[in-house]
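Paired with chain B in one complex and with chain C in the other, chain A is shared by the two complexes that follow.
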Partner chain A sequence: MTYLADVAALARKDLRVALRARDTLPAMLLFVLATLVVFHFALPARADDAAAYGLLWVAIVFTVLLGLTRAWVPEHEHGVLDSLVLAPCDRSAIWLGKTLATLAFLLAAQAVALPVFVLLYAPLDGAALAGTVLADLGLCAVGSLLAAMAAAGRARELLLPLLLLPLAIPLVVGGVGAAISPAEERYLLFLVLYDGVFAVLSWASFEYVVTE
Partner chain B sequence: MGLGLALALLVAPEDADQGISQRIFYLHVPIALTAYFCFGLGAWKALLYLWRGEERHDLESYVAVHQGTIFGSLTLITGSIWAKASWGVWWTWSSNQLVLFLVLFLFYCAYFMLRFSLEEGARRARSSAVYALFGVVLIPVSFLAIRLAEDFIHPTVFTREGPQMSGTMFAAFCAMWLAVTLLAYVLYRVELVGKRLSTQLRELAEALR
Partner chain C sequence: MIRARGLEKRYGQKRVLHGLDVELPRAGFLLVTGPNGSGKTTLLRVLAGLAAPTRGALTVEVDRARLGFLAHEPLVYRELTALENLDLFGRLYRVPERRERIGRLLERFGLWEARSERVSSYSRGMAQRLGLCRALLHEPELLLLDEPYAALDEEGARLLDRELEALAGARTLVVATHEPRRLETLATARLALG
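And now, the complex of A and B:
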């Protein structure tokens, strides 16, 4: 129970910091909306709906990158991470708290962005939404670990996209597949598999990444 | 290696469909298998490092991943030459193996970026080890993803069942595989010795100063 309480406290801390600073959520929101508008001009006029789903995923991946980079900036600038590592809690709780906080921001941004997408481009059905949530989970889980890794480096804003994008390719396949394929359960199952495998791997290896 | 090449180029019968271009198969497939093997070795050494914390495993993991990336790029190059010769295009998204190697190539290039951007020390070693472990899990996952993606990217799946290999072809293939693996192993040892020497040299220089 203490583990869950630690996780909840850490996630609450991240949410509160970001809400007080009032920059992460509006930035993610504006970014994803602006990207959707840019896509209108980037797509040729005769492109069909299927292309729009693909572009939605590009927008989501880049929004996650934005959120993750923001989430780890204060930890390093103010040395918060060092204190967190010293705190008497399991280190993986830091990862879980971070993942939950990032997921909350991403879902909040999507709560606005997805209706806008439906309005401007193409409808989304239940499977597409389920795929989005599952892929978000995977992106946040893997992304939090990689962001912790990248934050220790010299060029952290540069490093994170390079680290995350190859790992995000299967998630994009799953997300797009769930939206446009008639056999959506296969894609949802695949996303569940990815989330399970990589969440366990990130959870188990986070400790090695943050300790000195 | 020489024997393998001779077997592959001269002894093995030519493929009826593809003619001479089929011979690159004897180079391309062993290189690809060796690249997988190197990535696997790198991840295994990374696991050993995380488990036991001995510094030599970190270096071994890095060198194995480095060799894997070199062989991976060679796979991309030979694969694209083969694609040009037999399908008439340099690149085709319908070849799962090639796409997988492209993803892996990107992934392991990021591994080097990570390694060069962190300060030398235990933290860098652990982060790279974790990333190398992610890579070996990513191989089957992306393979599955690419298979799934075929459905909506290419409605008509482009399969190319090669003819069954005859005895001499199989022997030539095995000889080449052995030769390439040996080559990779020699390169791995040489790079490891070189890296260790340069570390020792640096330590000596520090000590003398």
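And now, the complex of A and C:
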């Protein structure tokens, strides 16, 4: 229970810091909406729905990248990560708190972006929405770990996409597959497995990322 | 409490700590002095467990939960208020009677009136006082302070003097400072680097 209380306190802090800084959520919202609108005009009129779902995932992946790039800045700019690392809580709670806060921002951005997608492109059924949420989980779990690694260096804006994009490809395949394939349950199961494996790996390895 | 033999720390080719020997008993007060770049900060980070020594043996007989650390920066969130910062760390350190203790610390360090303002609106001295509150919040057994007088005005420095006087002899203290004269009478051991 204390572990969950620590995670809740850290996630609440992350949400509060990011909302007050007013840079993460507005940037994510603006980016995902702008991307969907630009793609609407760029996509040929005769393009089918499958292309639209692919474009949706391009927008989602780059939106989460935008959020993750800023995610660890408060901890690194003023050395606050040291005081968190010294606290007697399990260090993985820091990662989990950050993952939940990033997920909350991504879901908030999607709460606006997905209705716009339906309006401009194609419908989203239950499987497509489930695939989106599952892929979001994987993106935020792996992304929070990689963002912590990238934030320690000087070229975090360059390093994070290089680290995250190869690992995001299976999630994009799963997310698009859940939306367009008749065998959507196979893609959903794949996403569940990916989330499980990578969440455990990230949870277990975070300590080594933040300690020298 | 602290025992180090041949402590060495390298960053790449650069050797920052050169085979240090340190011995500090429980309730001792170690004053670390030296010019900029002599390794004071690195030594404190190694003692805190934030950096691993490259070579040598180090024993620090204190649990992470009973260690207090103040760096050049106050190590608090600038977008949060003083109360929110201390409440977060109070929760993580499982401080009993958290609110009462936070209130007492903020009053002692002259921050009670500014408790609900964001740290980003604080002067450097106020932020440093808040950093001290954070480091003292869980009543640490071992307190590591890196240049604690930096950014403090005369009133803040006097507050810190009083605090250290009260802690000396009861807690183990390691203080790295450019102003050793303020603490000469309290120190039980000295280490000059560089």
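Throughout what follows, the second predicted complex is superposed on the first by the 212 of 212 C-alpha atoms of A that agree within 3 Å, B and C clash if a C-alpha of one lies under 4 Å from a C-alpha of the other, contacts with A are read in each partner's own complex, and residues count from 1 in each chain.
The working rule: a contact is a pair of C-beta atoms (placed from the backbone, for glycine too) under 8 Å apart; a residue touches a chain by one contact, two chains touch by 3 or more.
Remember, it's a predicted structure, so these values are computed and weren't measured experimentally.
**Student:** Does the chain A-based superposition show chain B and chain C clashing or fitting?
**Tutor:** Result for chain B and chain C: fit.
**Student:** Between chain B (first) and chain C (second), which, if any, makes contact with A:Leu4: first, second, both or neither?
**Tutor:** Once the two structures are laid over each other on A, A:Leu4 reaches no partner at all.
**Student:** Classify the contacts of A:Val37 with the two partner chains as first (chain B alone), second (chain C alone), both, or neither.
**Tutor:** Neither partner.
**Student:** Between chain B (first) and chain C (second), which does A:Ala21 come into contact with in this model arrangement: first, second, both, or neither?
**Tutor:** It touches chain C, and chain B stays clear.
**Student:** Chain B or chain C: which reaches more residues on chain A?
**Tutor:** If we count touched residues of chain A for both partners, the winner is B.
**Student:** May I ask you to decide whether A:Ala87 touches chain B, chain C, both, or neither, giving the answer as first, second, both or neither?
**Tutor:** second
**Student:** After superposition on the shared chain, which partner residues are touched by A:Ala183: those of chain B (first), chain C (second), both, or neither?
**Tutor:** The first partner, chain B, only.
**Student:** After lining up the shared chain so the two structures overlap, which partner does A:Tyr194 touch, if you call chain B first and chain C second: first, second, both or neither?
**Tutor:** In the superposed model, A:Tyr194 contacts chain B only, not chain C.
**Student:** Would you sort A:Leu162 into first (chain B), second (chain C), both or neither based on which partner it touches?
**Tutor:** first
**Student:** Looking at the superposed set of three chains, what is the minimum CA distance between chain B and chain C in Å?
**Tutor:** The answer for the closest chain B-chain C C-alpha pair is 6 Å.
**Student:** Enumerate the residues of chain A that count as touching chain B in its complex and touching chain C in the other.
**Tutor:** Chain A residues touching both partners: 211-212.
**Student:** Quick check: in the complex, which residue numbers of chain A touch chain B?
**Tutor:** 50, 142, 145, 149-150, 152-155, 159, 162-163, 165-167, 169-170, 173-174, 176-177, 180-181, 183, 186-187, 190, 193-194, 197-198, 201, 205, 208-209, 211-212
**Student:** Tell me, which parts of chain C touch chain A in their complex?
**Tutor:** 48-52, 63-65, 67, 69, 71-80, 84, 88-89, 91-94, 118, 134
**Student:** In their complex, what parts of chain B are in touch with chain A?
**Tutor:** Against chain A, the touching part of chain B is residues 50, 103-104, 106-107, 109-110, 113-114, 117-119, 122-123, 126-127, 129-131, 133-134, 137-138, 141-142, 144-146, 148-149, 151-152.
**Student:** Show me the residue ranges of chain A that touch chain C in the complex, using the header's touch definition.
**Tutor:** 2, 5-6, 9-10, 13, 16-17, 20-21, 74, 78-80, 82-89, 211-212
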